[in-house]
Amino acid sequence: MITKIGKSARHAGLAAAAFGTSMASLPAMAADAPPAIDTGDTAWMLVSTALVLMMTIPGLALFYAGMVRKKNVLATLMQSFSICCIMTVVWMVLGYSLAFTSGNAFIGGLSRVMLNGLGAGISKGSDVAFTMAAGTPAATAMTIPESVWMTFQMTFAIITPALITGAFAERMKFSALCVFTIIWSLIVYVPVAHWVWGPDGWVAAKVGAIDFAGGTVVHINAGIAGLVAALVMGRRKGFGEDDFSPYNLTYAIIGASLLWVGWFGFNAGSAGGANGRAGMAMATTQIAAAAAGVSWMCAEWMKTGKPTVLGIISGAVGGLVAITPAAGFVLPGGALMIGLIAGVVCFWGATGLKHMMGYDDSLDAFGVHGIGGIVGALLTGVFAYGPLSATDASPEGVSGSFHQFIAQAESVGITVVWCAVLTFILLKAIDLTIGLRVTRDEEMEGLDMSLHGERINS
Amino acid sequence: MKFVIAIIKPFKLDEVREGLHSIGVDALTATEVKGYGRQKGQTEIYRGAEYNIQFLPKIKLEIAVPDAQCDKVVEVIQSASCTGKIGDGKIFVLDLLQAIRIRTQETGENAL
Amino acid sequence: MITKIGKSARHAGLAAAAFGTSMASLPAMAADAPPAIDTGDTAWMLVSTALVLMMTIPGLALFYAGMVRKKNVLATLMQSFSICCIMTVVWMVLGYSLAFTSGNAFIGGLSRVMLNGLGAGISKGSDVAFTMAAGTPAATAMTIPESVWMTFQMTFAIITPALITGAFAERMKFSALCVFTIIWSLIVYVPVAHWVWGPDGWVAAKVGAIDFAGGTVVHINAGIAGLVAALVMGRRKGFGEDDFSPYNLTYAIIGASLLWVGWFGFNAGSAGGANGRAGMAMATTQIAAAAAGVSWMCAEWMKTGKPTVLGIISGAVGGLVAITPAAGFVLPGGALMIGLIAGVVCFWGATGLKHMMGYDDSLDAFGVHGIGGIVGALLTGVFAYGPLSATDASPEGVSGSFHQFIAQAESVGITVVWCAVLTFILLKAIDLTIGLRVTRDEEMEGLDMSLHGERINS
Amino acid sequence: MITKIGKSARHAGLAAAAFGTSMASLPAMAADAPPAIDTGDTAWMLVSTALVLMMTIPGLALFYAGMVRKKNVLATLMQSFSICCIMTVVWMVLGYSLAFTSGNAFIGGLSRVMLNGLGAGISKGSDVAFTMAAGTPAATAMTIPESVWMTFQMTFAIITPALITGAFAERMKFSALCVFTIIWSLIVYVPVAHWVWGPDGWVAAKVGAIDFAGGTVVHINAGIAGLVAALVMGRRKGFGEDDFSPYNLTYAIIGASLLWVGWFGFNAGSAGGANGRAGMAMATTQIAAAAAGVSWMCAEWMKTGKPTVLGIISGAVGGLVAITPAAGFVLPGGALMIGLIAGVVCFWGATGLKHMMGYDDSLDAFGVHGIGGIVGALLTGVFAYGPLSATDASPEGVSGSFHQFIAQAESVGITVVWCAVLTFILLKAIDLTIGLRVTRDEEMEGLDMSLHGERINS
Amino acid sequence: MKFVIAIIKPFKLDEVREGLHSIGVDALTATEVKGYGRQKGQTEIYRGAEYNIQFLPKIKLEIAVPDAQCDKVVEVIQSASCTGKIGDGKIFVLDLLQAIRIRTQETGENAL
Amino acid sequence: MKFVIAIIKPFKLDEVREGLHSIGVDALTATEVKGYGRQKGQTEIYRGAEYNIQFLPKIKLEIAVPDAQCDKVVEVIQSASCTGKIGDGKIFVLDLLQAIRIRTQETGENAL
């Protein structure tokens, strides 16, 4: 059986923004005139876009770079930065159109290739608010210009492949990374985004599982791809023997902090406007991140006797991941529980599980994003609170229940399978053609010098 | 003249310097080094992985001294930097053929 | 005689936001229907919350970490980050309710324990704006959801204890820090916040002194607590003899810069919405920070012959502190004066005074925040400009005068006494039970390794 | 013949904000009552101001500091930070009034000296929106308070001289820098800003060239001043022989990333509100930055065999510069072309051209900002799309054409000549009085220690 | 006793340490140094400027060894750190007059 | 052979290297060290606290030279690095028993 991830609820968020909080747009919607934008909602979505961009550069770039050895710091930063550049072009040329325009149930259309027509809604004296899939039965009205929606979604398409790089840090060829990013985003990310968030995706069509801000599309996707990559590429030379201690955790804390701040754009921005749901999503995001930081720290303190910096920031990021699918749908108490659980489970994922299995997920892309994403997706089914996820179509919303828990589990399963299979095939194909991994000597010398001809002098 | 090389624990630096000062030795050169020795097995924990950090931060002191002062210097360093715990470090004494003070071109013990 | 700190003016800011700038809410307020939120105000307050969070992580964390020795960099970062996590939970569980719900004159009630009922205002199609203490005579209407107000205030509750850590950097036990943070915030911060900003606090009830964005509640409170802590804990081993030069001032500049940027959320956000007062608060904040940076730099240049990086950033932060109580109430000229004075006085506080008295306020939590906060509170009484602080209740607002200056001084006195006494008792109690300070050997080895088992490799 | 830069179009942006997207202000404008502010537009402009401030501190400070040698890192950071402080005061005291009030065609008036009267628009219950040059025929209505407009423009006045410092890094006296900043901003920046953006500037009066967010006023101005400074001051000692490799490119990446994020405020904020043009400006900014990063990287990869971190970030910044004059006027396809071209041309400017000519533009202030600014200004004339730049006065807007291209070229020429001549005279005057350059010994020792008495310990 | 100083390529450190371990030498001191030698001419590229980076990162090892073990130690370092490419480094042997273990005050070969 | 150790001011590095190059010495090893000596008393000012920074950054050069070249090398270093101000540094000469080039296994003066 096929499960349905999040469309109704997601769109509910948007619909609430359109109908609820902005009085200006109400009359416009009623008449035949195209709906005007709401400046408050637009302001918040412009900011959210900037915040999510900041999550990748410099947030994630630093978070990861702070955990590698000195000889790989620049190469690790380069991965996030170059993915930001590459994905922007990919999204602009093809990705956005395939994900967010009407096509068939499996993939969107080509009407926005090269962002053709994006400027149409702007005209002197009256900016038109975007209606996704306008003219189709799946039409979803928003209160912001399409350019803002497109760019906001672009930042999600950027961070997802960037998250994966944590799994194969310190050993992947840069050319392979570029090719992987382009193809993976088009064959894994874009379809899943269309199924879940697109106007006519097949998963969205059968309401069931809910996903507020991308726990499945972004985090589980990235985590699973990371796990597959870690398995396909093998361990770093010296794994378990040499000194792999992080060069400068200061960078990792700056990165984690900017991820946290930027996540307000990710989660509260997913409300589509500056409304009550955005406020609640910000509150729950903050609470879950903090609770997970505390719970990882306590677990570690009890187990090893020392609470570490790397521990508390990893916990906080794990909490942010776990609250992502739930942010706009749970009450503060639920967020607290999700955070506390996620912190402990991610601690186990990044330490116990990884060491038990023996794969080298260098910076715990799977341990934090994969595990945290799955925990969050499941717990969303437990703690969802009806009135927060209410929509016109389903006024009572979705509440936590065993049935909902199962629906969430199925949606996780679908994503895991699709992502794992395609990622595996893609990596094997790249390995057979241009090769995935640097040579042993390059790895020993460090990627900074061998791939980019630069080094940190200090 | 002798060239004394001492590997000590970083946080003992100030004590050693004060000890040397009290016997009139007021010039030395210090370097941050990584020491590998018996004290191995100290573990650092990163994300629950107990990395066996084999190289530990140490300070290396280099001090050129007149022959007459050498024993005293070694003694002072030894007592000021000793904690009795593993990893306290070593002192090595080499022979020093010549010393020159760059500023004045003085040589020999006058240059120290 | 007991003075009254800021409530009327503070609420004036909110009231202005509610009644003045957002047309949408006007009709709603008139009728019996619950007031709708204003999306523009909500957008700005969402952003302000993110900005104030960014002040603590990574802003303050880096500002402080850049001034310590290499062996304590991570431990110093850890203090701000862990306080962020811990205070979020404390605020959610108990703090917010005790500070901002109706109770008695000294402490709030328990109606929002665990943020119970926070989700009530969000319903499909019409988000309700928050009215603090709704149904009581002290009711204050806002134009944003309660979730946003709660989270915005949470970021203030986070940064206040984090500021204190500058006073005892490089020597406090981490376990003692956690305990201190939890109890101090509940017995010092929360009551003062209630007296000043809560709906029925005793200080607020007798209008007199004014405090726009928390000069008293946040900065004087933190500065005095820091001074007491520096005195109770004693100096760092080697103080005045060993080389205590900062490891990497680059971090301190990044931190100071992010504090500056984030302070726009702190001060302009304290207007409660995106209105003229917010704009003026942003302008005065910018001017005072810059003027104080310039004046510290010049004082130092004249005195020692060299303008230092640490000097100019300390001055700028001192200016930001000093303008905090005044931001929305003074004209640009007043802000310039406040900045110029604060820069010189904080220079004296962090250098002359500290060395004269001989206490070891490691990173000048008192010298900058305490002194700067007091300077600012007093000068607010000198430079306040009536029309900017006007409210419905007091249409001519508060203008600078000798009388007002005295009122400000009294409010400072109350805060100083309450904070000093309770902080002292608390620290002594912790010292007698679990101990405040690391051992001599741990201090020599550095807190990074001895408390957290991590180090910066470089 | 004299060309006209941008006024009509710039004001068009503002007018669109005032008339188009905010329904609240429409009735107010119609009547005689002063126009009310729009909270959504105000929220976005408050945020944009914070974002542009973040571009300079810590963005640009880190971008530059990451490229110098260890002994000059703090001094380089100090340049941006102190310019931020100094320019704030200059702008407040004199700059804003001279640039943005009615005066004559060449310079504004003195009515806002010391920001006199800035608080007038804020009154209890009704904040008045700013109308620039109210009461004159050049009146331009906005939807935000004047305090916000003033502070937003202040951040532009800050970043422009800060950009120049890249050209003479590692060798300028700090006192000379302070003097240069104050005078240069008043004799070069302020007049050009008045001609182009002021209410009655002579350039603005003769519509022709267009400049959306300051490609001419900010980037060409800074780039040319940098080139002149590099020529006047001569090369660093050891140029071309000693090891000038960057100390820590990590800082440069953080800086470039924050520049990118902050540029959303710079470009999308130049729309004057949260409207469709802001959304489109954000989208084109993102696309051009990414495309330029990719094109520099590819050019370098092909030429030297290795894609460098410094390369891709320089390319991205070059793309951001180039899109600045075009951001709100071009479609995504045009932005892609501008980015791709700018990346390659800036690569040539910072590598080929510089080495060919032999000047020592230390951090490529001219190579990136000058060249990128010129490329952008010219290409704006090629890719401008009429409907996006439409105004009431010119409903069909400006479209790319050979005629427009020539107009753009002339506007570039005017700026280049004015800036080059005055900068040259100013630098010579400073050199003859207090001296421009540190002594040889100070340069060898490093500016951190010799000018500021501080160092990075590591 | 002898004081052996070896300058090697950084990424050879682990191999050398393992080699030494296999012959029972378990203590040494390592320092990050910059080497200048024949291997000059390696260029790094910054903004297209091909800086001639004359100083290359190397690791300096210092090992105090009993006379008897000296040749063996030199041999092991040589073979473990040799890549055959320019820049492999050098090994220097100096005479060591005295060694003291700080913790125990042991001296001479017992202290190594 | 001799093992020359020179402690110099950091900004003299390039000049010394050029001086050595001019007499045909093209290999050396440099380390960032902290020097403590007469030049003490340099104060750095942090928030008005005049810290007495006793350890100043210096560069340590290590150069193995044939006996014949030793005096020349010392002379060149001395003259290139002398500023006449306090803190110029010292040159120490030790005896070098053996040298091995790792790449080729050459030994003795051929290895230098």
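Per-chain residue numbering starts at 1, and chain names A, B, C, D, E and F are given in the order in which the chains are listed.
The rule is simple: a residue touches a chain if its C-beta (ideal position, glycine included) is under 8 Å from a C-beta of that chain, and two chains touch if they have at least 3 such contacts.
Model, not experiment: these values are computed from the prediction.
Asker: Which chains does chain A share as contact partners with chain C?
Answerer: Joint contacts, listed by label: B, D.
Asker: Given that chain B and chain F are copies of one sequence and touch, is their interface built from the same residue numbers on both sides (over half shared) or different ones?
Answerer: Different: fewer than half of the residue numbers at the chain B-chain F interface appear in both copies.
Asker: What pair in A-B or B-C shares over half of its contact pairs, by residue number, with D-F?
Answerer: Of the listed pairs A-B or B-C, the one copying the D-F interface is B-C.
Asker: By the contact definition above, name the pair with the higher C-beta contact count: A-E or B-E.
Answerer: B-E
Asker: If you average the CA atoms of chain E and of chain F, how many Å lie between those two points?
Answerer: Roughly 18 Å, centre to centre.
Asker: Report the inter-chain centroid distance for chain C and chain F in whole angstrom, where each centroid is the mean of the CA atoms.
Answerer: Chain centroid spacing, chain C to chain F, equals 51 Å.
Asker: Quick check: what residues of chain E touch more than one other chain, meaning two or more?
Answerer: Residues 31, 44-46, 54-55, 94-95 of chain E touch two or more partner chains.
Asker: Show the residues in chain C shared as contacts by 2 or more other chains, in ascending order.
Answerer: Residues 24, 38-41, 43-44, 47, 245-246, 254, 274, 304, 306, 308, 310, 453-455, 458 of chain C each touch two or more of the other chains.
Asker: Going by the contact rule set out above, which residues of chain F touch chain E in the complex?
Answerer: Touch residues, chain F against chain E: 3, 17, 26-31, 62, 64, 94-103, 105, 111-112.
Asker: Which bits of chain F are touching chain D when the two form their complex?
Answerer: So the residues of chain F touching chain D come out as 10-11, 14, 44-46, 57.
Asker: Touching chain E in the complex: which residues of chain A?
Answerer: 71, 238, 241-242, 444-446, 453-455
Asker: Which of the residues in chain F come into contact with chain B in the complex?
Answerer: Interface residues on the chain F side: 2, 5-8, 31-38, 40, 54-55, 58, 60, 74, 77-78, 81-95.
Asker: Note which residues of chain A are touching chain D in the complex, please.
Answerer: 24, 36-44, 46-47, 49-50, 53-54, 57-58, 61-62, 65, 73-74, 77-78, 81-82, 84-89, 92, 114-116, 118-119, 121-128, 144-148, 150-151, 154, 174, 251, 254, 274, 451-458
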